């Protein structure tokens, strides 16, 4: 255990050191991530200065909806940068090197590429947005609501982690999933900040059952805010932790299967 | 029982076949079509502890696949591999701590950081005890003359320097077996010599078992006594390097510069080519033609300015074996 | 100076891009999806109103399809120089008997042409048949739109060029490039039509190059500008191109010198 902790600290030290070889870039990195991710909310902010509300959601409620997205992503990306970039790892042959080292594969993928600055940017944005909105949207932060919130965040982390793990595994089979990831994840994420009720049915179904961002922020926000645009059964508001757990387990099994396949096929 | 045992090992890859057209591209995505490619066909060999074995073969012959199977990256489709009592692809974590692998084409060093930082990280990854690490680092740095650049970022190193650092990186945990996959590729002549000398020393002094793949026959000549040749997935030669020369290196080449223009009669079993300046080249097999007889005839009947005999270098012999022109084994 | 090698580079990029068919299908779907979702957002924002400050929903739609379409066309490779400095290949690049900058432009133009045919046009056609796009105000305005769009590409390219040049000193400039792209996305009107920007911000934007990239062509297309205004705005575009290019070029010269002195 001590050995593992030492290695983790060495990985972190090495990564940080590599960044600080380029001081300007390292210093600006969290800011850049923060700004890039804030693009969506800045756009909404300006838009709602003009339009007041979107489908009954005012600016603070929108900020709250966004904050859930970024908090969960910020926590998830601490552990999943390596899986997000796993396609490159396989293509460049670095994955072979991981196999040649006497350490767990998932452990190496996670810690070799951890990107703390980016996580800080994402998480920092999530926290900022949460602090701006949490006390202005009329949520009573009772113990029940606080517990609900914590479980929801955990569920949201697992959902997005499962998506990354699944896409990473797909890389083993066909090497290039960038465009699929771009389409399924990044594109949809840009719009997950909006209440899904404004979109047509097809997109709503997509965001509930295919790339279930609705469980990351819309349904949980509905539980806490009770807006009138909710057209789904109340049960959906309680499913986030379950959806997260089930998706993650399934993704993990798929990953195990993928690793076996890699060793038998190479590339 | 040998240290490394490879028995009837085969490896088949599925290669995806692309369909044409936009619809084909989409179809490829959802229902990929594969065809089989046999990379390694029924190969067997044993290697004893402390041996240094060169693996050669043209591109795509199956060298890298064999190394990847031996090091545990790939499963064989059939056959058995055992190294030092381990089955590489099954007992990965226990096994890979005992081996070192150098991929000449793919550095394992941290590109942005000084060499020494990568070494420190590897020390943690392999849990190398402090004293062992220090001893190895000092010794290897000295042997490979690395003290001048160990503090420099890898991206500023020359290819030869980087390769030396990569070799040390694979050895810090004192592996019992080392796989070198093209460790001299792209390195200049002086750099190659340094690397070869180091590898030879490591094998002779420390008794490290080594498998060495390369394109450059000189690498093998300088480091290995034994040679395995693979072509199109099959093992076509396995034995001492010196024996190879005796078996296949029978061609001799005689170049004679005559004083004037001459017309020669035909000689049996000898090919004659005309070169410029009244030079002629005679090519023959030394088991079919007596060289002194041939030379006596030439020197006796004509005025000769200069004469020169050469035996084929190892490259030519290997080339001959690949093309199987003469070497029907 | 022969143009032939540069055409060859442009062609190479074009052909390379065509090879990734699956990527291209996905790219078209991505661009369309992005457009439709913004369209849906604005439909929700407009609700039952027909126009807001004189801007109608069809105008907003046209703004999005044009600026996102142009955005899909204009994607300069921000890492063209930085990646070559980082991996050290820049040294051999300078040994080639052609202009590095020329090659950079050629590859970006090849890329832009590919995007025009396989990103912008498919999306435009899909949009025409689904949500409808305003026709250009007049044929003359269409021609001026094209001119201004080309200038807009010039502005975008020179910004990318100038930012890339800092890689001579900083080597890794991911953060700078990311921040640059955030500014372009937010301030150029591709994600929020500049009509709806707060007035104070619009005043500041007039002194920045961003609105020159997408918003000027869109305004011309919709016939919102008089001929004099068009000439002025295109002049501003041209001025930005010159100023930013010269700035980038100074960095380029100094950077090269630094590279030679320090040997990478």
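Annotations for the structure displayed:
The first chain written gets the first letter, and so on, giving A, B and C; residue counts start at 1 in each chain.
Methods note: contacts are C-beta pairs under 8 Å (C-beta built on N, C-alpha and C of every residue); 3 or more make two chains touch, one makes a residue touch a chain.
The structure presented is a predicted model; accordingly, all values stated were derived computationally and were not measured.
Any chain that touches subunit A and also touches subunit B is listed here: C. With centres defined by CA atoms alone, the chain at the far end from subunit C is B. Here the two chains linked by the largest count of contacting C-beta pairs are A-C. The geometric centre of subunit A is 46 Å away from that of subunit B, both derived from CA atoms. Centre-to-centre spacing of subunit B and subunit C amounts to 50 Å, using the average Cα coordinate of each chain.
One simple way to say how far apart two chains are is to compare their mean CA positions; for subunit A and subunit C this gives 29 Å.
With touch defined as above, residues shared between interfaces to two or more other chains in subunit B number as follows: 29, 112.
Contact with two or more other chains is made by residues 21-22 of subunit A. Within subunit C, residues 22, 172 each touch two or more of the remaining chains.
Residue ranges on subunit C touching subunit B, taken from their complex, read 21-22, 25, 86-88, 172, 264. Residues of subunit A that touch subunit C in their complex: 21-22, 24-29, 31-33, 35-36, 38-39, 42-43, 46-47, 49-51, 54-55, 176, 178-180, 182-183, 187, 190-191, 194, 198-200, 203. Looking at the complex, you find that subunit B touches subunit C at residues 21-22, 24-26, 28-29, 112, 155-156.
Within the complex formed with subunit A, the subunit B residues making contact are 13-14, 16, 29, 32, 65, 68, 71-75, 77, 89, 92-94, 96-97, 99, 101, 103, 105-106, 108, 110, 112-113, 117, 120-121, 124-127, 153.
In the complex of the two chains, the subunit C residues touching subunit A come out as 22-23, 26-27, 29-30, 33-34, 37, 40-41, 43-45, 52, 170-176, 178-179, 181-182, 185-186, 191-192, 196-198, 201.
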